[in-house]
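Below are two complexes that have chain A in common, paired first with chain B and then with chain C.
Entry: the complex of A and B
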């Protein structure tokens, strides 16, 4: 994307000499013609924000990951101890595994269902605009608030168990969020419900770029539905695929709201993810150093998986 | 080829069914919030409310030990409006500067902005919290606005640059020949031209700030400046299994954003997907 932005910037550059205006904003302009519009002073608030909210805190956070800092008072270097503790097993390992499970199932489910919905709603269906709006609605709502609706649905005497009873499946009834074997799928359902509308809209935007003539031509040449999708539709929506998968992967790995609302990480840590553990360790237990180490691990995992996914998609789309 | 056939009818029916199931949670939400306390406990959640009442809404508005829903609403409005204002002002002028200053410095600044996307944001929030605590900004509107505006500024600059790069210089040159200062050129000519981008930035960042729970929980919980999600979170903790009251509170918290969404759904969807894509 940088390359693209830079290219545009280059393209917009004015060549040739322009009359120099003498006094603007009380400052004399001694430089060349390119400096006539805007001044670097205008960038200082942004620079301050970049340094104070992004660079300095990231550097300091990475630094304290190697200490036993408690947020107050003295601290000592502990080397790689925090990271060793994370790798040692126990609750953090569960959180790590849960984060992977949730992240990956979330990417797959939102994209498959989002694409199916988009394909279904693309063209001809009369109620497509209404359905699109309705399915998009959860996207604009607070994921914390919507999670509480689902918490109620999953309750012991909630609608889901009631529904199972009404169709004679009492044997399937359970406390969905209190059972370690069902808590993760339940959380994933809530996350997918909240986000599938966004993915659908991104795919609809991609599908709008597919030329109907090309599809029609392929169909006349005897291409099957699958061939039409694979050779005509998929190449056209590949940019949407890349964006949607990247975004959902990052969001899935960072999940916090839904878990905090639905289970708080329970039962017995069975649904803890990295973000939830970081919150607890840092802001509930006050172990800032350990929390920072966990946060660093989480950031690195996100970066590695995002890059890996991009590379995978690139080779696939070429092949 | 794309005519309405029997197959399409089947597809349409299937999609309507899917949408129906998809919206069931909202049915439970509204239905239960309209029930009174005893009905909420004794009748089935699927059963339509027989004697709708607004009792639960009254309780929800009065409830909240530390901060009421209305406090939360007001705080959310102040913090969201403040953050969006800063993001629009700083984002637009920074993007404009970067598109008009095309030297090495500009490339360096762009790189600086790009790299923020891979910085360990989760690790950064801890030092920001400690730093703000030391200068007394934790638990204040101003501190939270600074935090949000700073965090979302790179995205806002990118969104604006998609537009500033495409603006021809003719207007600016003409205005400058007429004696307008650089800032007047920006304020009177560039900024109005950027209004589509301003819409995208406002909707995209505004939604993120309005719905954000994590930052509010850390920076604001326990203070007077708590935002709506934090109020809801505490509210649920205080009203154990009074689901009709909890749901009433949730509905109240959703009203502003839902109203916006239904009035301007096209802009919302475009703004949000536009923001996501950058």
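Entry: the complex of A and C
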């Protein structure tokens, strides 16, 4: 019966193609050309816009990485000198280390907290829609504006220190953003606070695809909570895991807004990341060539880490 | 007269860009390409070249700068760009002068455009490269920050004012080193902003303190203020511009009182920051920190916290350009504020930093240069400079040159009465790039947190200095 249906369907498909194949070759070619032309015609403006707005400026930026341009006037080719200066280390090394610390902490914390929130708010909690909205709200706010609010919270006589004093913890009071030992954790808290809602939504979307019957079946078979999560839920939401981790890694490595608003990379470079260094070298120091080289290095680092992460997650999901 | 000047400028401009083109083409040879792949490459290259040409059109002083300057009699609108004025009162000080100019020149309308204070320099650079810069705009003297005129002039973006007699007349003899670039003039000074210690005199009175005459006295006063639950100084550790002001004031007595030509020596590599009295400057900041002179959390404080803290009487003083006191006096009616100078190690070493650093320059690619030059000439007249200085709370150049003591700054009397001996040029105007001052400001934050030593900061400043213009 199934075979008959397949045969009928195949026949219908073949029959459907029949009139087209009976056309004269020249006319068919003409229509094909027309179709191809139409495809390219519609595609070209988008392609042109993409190339002119995105790729051409990026390529020109990459070109200046091999020059000593100062943002104005003449420039000369300096070959790999800018990259050699980056490799020499100094402030760039500190920025690179900070970038990794922030990037990795951000991926881990947003994903762990986002997943926990999604699991907690998936089905059972009353008023979960209100709570989800509240947790997601920071995502839609301007990162610059929220960073300035957090800067106020972290100030010496700001609400955080006042709160600590009110509960008798004066010993914990400090200049959160002016202390090299607390500045990175403070920045990471702000970043995670702002983005965890987005990750939660991604995981909620993934959890919506997990069949409750499947979980119930596993439960009836005696699977523990962890086993149900590990063997039933996690494999089902793996696409969400991949997307969330990839996006958060990219966002974490290229972070600029929050750091610029909170600390400007300080104190004394303690929170400077590659993106902040690029800004300072380019627009404060007027070393556009060096800044372009650093931007190129940062792009390559992000591409390598993102591809490595995707490969790792793909291997794990297959395993 | 104007037309002749401009013709010369055009010839010079052509030579300059001709030379640049040659530099770019050096080492490149053209080859005939016949293969399909080669033709494809050539097509792509041609498109890229057209794109590059289109982009390069935005990338340098353009040919319009060489067009003759003509007297404009019909209705004309020109634009003036300045950093946003935050002093309150009647608003941007240029507004009154624009009205006065319009009354004398009814056909010329000047449109004022403000940009955020910390972004003005970059905004002008971007607009000059894009070809949509204002006709006339605010710059600072020398080349030590990203608002400085010198690098813009070198890139061909500024109108050469050398042959305008009124421009040369507007530059005081003592400030020639700030405005003459290879015997040419590209900017005209507007007024003079002394770098001072802005004091809440009510707090000083409450603490029973008088004006300190030595740094040891300042340290003692810091301890008095601490004991009363206040701080003597507030600094914005996160703002290099603010911490740098303090260092320059200290350098006025430590470095420039002994050697007013120190910067000239540094330029000739006869000295370095690390091997000079600049070390004492940074060591003094560490002494201030250890004596509790700064407010709690100074390292992480922002610029926005400074003025409220002095206005509310939480601290006795902040470091700021003298003109800022006008805003405080205007906004806190029942307050009592004045400006003073941080003393030297010895009273006789005390110096005031005051340079005619605020200036205006004309866009070489502007479309209405005749009218723009007329407006700048109007602003450069001594009476109008006086009016501008009065409106923005700064010191008039004519007053400074004649040794007249500005009425609004009585405590600065000893300096303006002997300007040649007791006033020094703002050092960072003479430094070759903005990185030196940035390293100084950032380094002081490192001193406040204990992350850096004076030697480390000075080494970084020397490295930045040696990078050149």
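Throughout what follows, the second predicted complex is superposed on the first by the 276 of 319 C-alpha atoms of A that agree within 3 Å, B and C clash if a C-alpha of one lies under 4 Å from a C-alpha of the other, contacts with A are read in each partner's own complex, and residues count from 1 in each chain.
Basically, a contact is a pair of C-beta atoms (placed from the backbone, for glycine too) under 8 Å apart; a residue touches a chain by one contact, two chains touch by 3 or more.
Since this is a predicted model, take the numbers as computed values, not measurements.
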Which partner reaches more residues of chain A (counting touched residues only), chain B or chain C: B
First, second, both or neither for A:176, with chain B first and chain C second: second
Touched partner set for A:185, first chain B, second chain C, both or neither: neither
Touching partner for A:285 - first (chain B), second (chain C), both, neither: second
Touching partner for A:266 - first (chain B), second (chain C), both, neither: second
Touching partner for A:71 - first (chain B), second (chain C), both, neither: both
Contacts of A:235 with chain B and chain C, given as first, second, both or neither: neither
Partner chain in contact with A:56 - chain B first, chain C second, else both or neither: both
Touched partner set for A:79, first chain B, second chain C, both or neither: neither
Common ground on chain A, meaning residues reached by chain C in one complex and by chain B in the other: 52, 56, 60, 71, 283
List of chain B residues in touch with chain A within their complex: 1-4, 8, 11-12, 14-16, 18-19, 22-26, 28-29, 32, 44-46, 90-91, 93-94, 96-103, 105-107, 109-114, 116, 118-131, 146-147, 149-151, 153-154, 157-158, 161, 165-167, 169, 172-173, 176, 181-183, 185-186, 207, 210-211, 213-214, 217-218, 228-229, 232-233, 236, 243, 246-247, 250, 253-254, 257-258, 260-261, 265, 268-269, 272-273, 276-278
Residue ranges of chain A touching chain C (in the complex, touch as defined): 52, 56, 60, 70-74, 76, 151, 154-157, 175-180, 263-264, 266-270, 280, 283-286
Contact set on chain C toward chain A in their complex: 20, 23, 51-52, 55, 60, 122, 125, 128-129, 146, 151-152, 154-157, 237-238, 295-302, 305, 433-435, 438, 442-443, 445-446, 448-449, 451-452, 464
For the chain A and chain B complex, residues of the former touching the latter: 1-2, 5-6, 8-14, 18, 21, 24-25, 34-40, 42-43, 45-47, 49-50, 52-58, 60-62, 64-65, 71, 117, 120-121, 123-128, 131-137, 139-146, 148-150, 152-153, 158-159, 162-163, 193, 198, 201-202, 205, 212, 215-216, 219, 243, 247, 254, 256-257, 260-261, 275, 278-279, 282-283, 288, 291-292, 295-296, 298-300, 303
